[in-house]
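My questions will all concern the structure given below.
Letters A, B and C name the chains as they come in the text, with residue numbers starting at 1 for each one.
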Amino acid sequence: MTNENNSLAEKKTPSIYPAKIKMQITVIFFVILGIYLFSMYWTQKEMVGGFAGALGNMFTVIEKFFPPNLNVVPAIWGPMVETIQMAIIATTVASILTIPLAVLAARNVTTFKPLYYTTRTFLNILRTIPDLVLAVIFVGLFGIGLFPGILALIVFSLGILAKLISETIESVDMNPLEAMRASGGNVYQVIWYGLVPQVLPQFTSLVLYVFEINIRASVVLGYVGAGGIGLILNQQLGFYNYPNAMMIIVLIFIVVIVIEYISNKLREALI
Amino acid sequence: MIEFNNVGLVYPNGTEGLKNINATIKDGEFVVIVGLSGAGKSTFIRSINRLVTPTSGSLLVDSEDIINYHSGDLRKLRTKIGMIFQNYNLVKRSNVLKNVLAGRLGHTGTLRSIFSLFKKEDIGLAYESLKRVNIDEKIYNRADELSGGQQQRVSIARVLTQKPKYILADEPVASLDPPTSHQVMTYLKKINKEDNITTIVNLHFIDMAMEYADRIIGMRAGEIVFDGPVSEVSEKTFEEIYGRSIREDDLRGGADES
Amino acid sequence: METYSLPPKPKNSLYKKVKRVIITLLVIALYVWTFLSIDIDWGRAIERAISNFHRVIPKLFNPDWGATGEVALSMLETIFIAFAGSLMAAVLAIPLAFLAAHNMMGGKIFSTIGKWILSAVRAFPDLILAILFVVAVGPNAFAGVLAIAIGSTGMLGKMFSEIIESIDMEIVQAMEANGANKIQILFYAVMPQVIPEFLSFAIYRFEIDIRASSILGIVGAGGIGTMIIFASNNRNWNEMGTILLAIIIVVTVIDFASSRIRSKIV
């Protein structure tokens, strides 16, 4: 749209935007475009047929995957349930473990700076490690099974949950806490009567949110041997049994949607 | 009885909150501290229940020096001193009864309070206190559903439930409109007389100080510049305390409306 | 001891009480069911952990510096996948967002359809999308780009539509009164209001995509994930240490840079 203005305008009429900003935006635009084009070149260099070939392949895939094989539902139902249970256990354990961490990572409660910064840094590093990488490490440590999967989910969600809850704690009204200290309440009473009622609704809401994240994460953990439905999905794809694989994907899709719907309704009721 | 002997307080950043304070407050007195903001009124009041700690001198409450009190002693001290704040300091999401019962925390064991196992007498006392400030019908409302004046009455009920020997009130009416301000001050005065609770109130409104106080202490720059009964106070006294002439906004007004 | 009259009991409706009891029972049932039916072989897990501990943990903290070059190259590929994917998503999300925003296209039906499409897309975990694209375009990094692009479109589309819904419509009315046409209104009234926040969310999504694209290699969709699978299969925990370090550094640096840029934009 600015091009249009330029072609119409005489040199003396002022431009809508200052020349310097225009220059900056143009440079940034071309840098981003350049990186994008290079990324596209790089990621496609090992691909046979290039972009056009990829689009053509899409239809063969759809042909391969459809229709999903409904007969496998009874066989995959068990692992699906197991996957949900993994997420439930992991979310529960994480929400308990997160309490001390969140308190230590809240600037207004943990006034001892070194402790606060240590906890913050620990949580920040924890959050950079992807869930599947944790699962790979725990599988290496504990062997194949549900346990490493649950552990991976716990550690992964702990990082997210503790950070979000510590931010909630930092936003509470500190005045009632002062009033309770002034009337002779001890540390535990002040936290229980002043802090907890202010944090609890947000806490529950965040736990539900992390539960949704854990459900999504748990369906793929089986890929690295950490239990749940991902293992079967991996096997079926390995056998090129695409209709079965598609049924698993559809089931995952339904479960994720249903759980998110329930969780959303619960959260709306809370706040 | 509260005795300040050469009390001084220097904050960690170097500002002097209190300078060589000497004062004695007798049991049952209703004292109003006046002064501009930053004059040290708040520091004075908060020294008494040790929300701040004086750095020199001695401060006796019931003839015990409280300056070196630690956790256990401090809890006992605070249990007998109630405090009312400018912003009411209620837990907004909790209901009125729970907020009022928080006044009993100092008298209640940690485990008991965590499971909300307050004694029957405590709950009865809380209800009685709410009745005394005429807000008992709001007992199960959430605190954030109440108006400012109602919230301040709840916080008075919280202090009553504590059964204190002293009440400290830090600018209790600064966030309220004139009629509500008079209502709150009237309750404080009534409680002072009926229960013989020593009451110390910070105010910056001259007319309210004159109307409710038995005795006025004037502060400027961390020092006491006036201390005497209301009968000795004139407009000139206030001009000395404030270090300037009296203005419209030093008065709350509205005494007749309440 | 003085006695006082007790306050009246709170008047909770029967409906509320019943609801509370039912919810409590449901939660208890859920937990009993979960913990009774979950099947964990504790003995074996602990036994394995004891015998594996010294083979895994000390090596993780002793990275294989010889692999640095290879790891760096894979990590660069991961960044490229995330970058190309987020940018594609940001572009794709704009028309979908306008479709889903109830104050634009002018139809409630359009907005409902748009919202449905976006939440359906969001329900697919990134890795599942990657599996589909690996089958479609073969096991290479471009499958990863496509997976990230589609996965991010769902979230960005939702965010963008919420931003559009929150704009000041009076400016649009003012332009309509001027006689501006739809396209002119779009560029002069709507875009200036939404662009900064669009950018901010797109950059934020790039942060998430860096994390997401680092594991795509596990299903064959390129990037550092490919090395994770190799290192895990070969029990090469020293190399895993190097990979982990690379991920932590890159994610931290990008998070930091992104939050700096975002705070400048908005």
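Just so we're on the same page, contacts are C-beta pairs under 8 Å (C-beta built on N, C-alpha and C of every residue); 3 or more make two chains touch, one makes a residue touch a chain.
Which chain is which protein? Per UniProt: B = Phosphonate ABC transporter ATP-binding protein; C = Phosphonate ABC transporter, permease protein PhnE.
Note that the structure is predicted; figures quoted are calculated from it, not measured.
**Q** Count the C-beta pairs in contact for B-C and for A-B, then report the pair with the higher count.
**A** A-B
**Q** Where centres are the averaged C-alpha coordinates, which chain has the largest centre distance to chain C?
**A** B
**Q** So, what's the distance in Å between the C-alpha centres of chain C and chain A?
**A** One centre to the other, that is 5 Å.
**Q** Nearest whole angstrom, what separates the Cα centre of chain B from the Cα centre of chain C?
**A** 51
**Q** Could you give the separation in Å between the centres of chain A and chain B, each centre being the mean of its C-alpha atoms?
**A** Chain centroid spacing, chain A to chain B, equals 49 Å.
**Q** Given the complex with chain B, which residues does chain A contribute to the contact?
**A** Residues of chain A touching chain B: 173, 175-176, 178-186, 188-190, 192-194, 197-198, 201.
**Q** What residues on chain B touch chain A, complex-wise?
**A** Within the complex, chain B contacts chain A at residues 49, 51, 71, 75-79, 81-83, 85, 87-94, 98, 102-103, 105-108, 110, 113-114, 155, 158-159, 162.
**Q** Which stretch or stretches of chain C touch chain A in the complex?
**A** For chain C paired with chain A, touching residues are 30-31, 34-35, 37-42, 44-45, 48-49, 52-53, 56-57, 60, 77, 80-81, 83-84, 87, 119-120, 123-125, 127-128, 131-132, 135-138, 140-142, 144-146, 187, 211-212, 214-215, 218-219, 222, 225, 228-229, 232, 235, 237, 240, 243-244, 247-248, 251-252, 255.
**Q** Quick check on the complex: what are the chain A residues that touch chain C?
**A** On the chain A side, the touching residues are 1, 32, 35-36, 38-40, 42-44, 46-48, 51, 53-54, 57-58, 60-61, 64-65, 81-82, 85-86, 88-89, 92, 124-125, 128-133, 136-137, 139-143, 145-148, 150, 216-217, 219-220, 223-224, 233, 237, 242, 245, 249, 252-253, 256-257, 260.
**Q** Going by the contact rule set out above, which residues of chain B touch chain C in the complex?
**A** Those residues of chain B that touch chain C are 97, 120-121, 123-128, 130, 136, 139-140.
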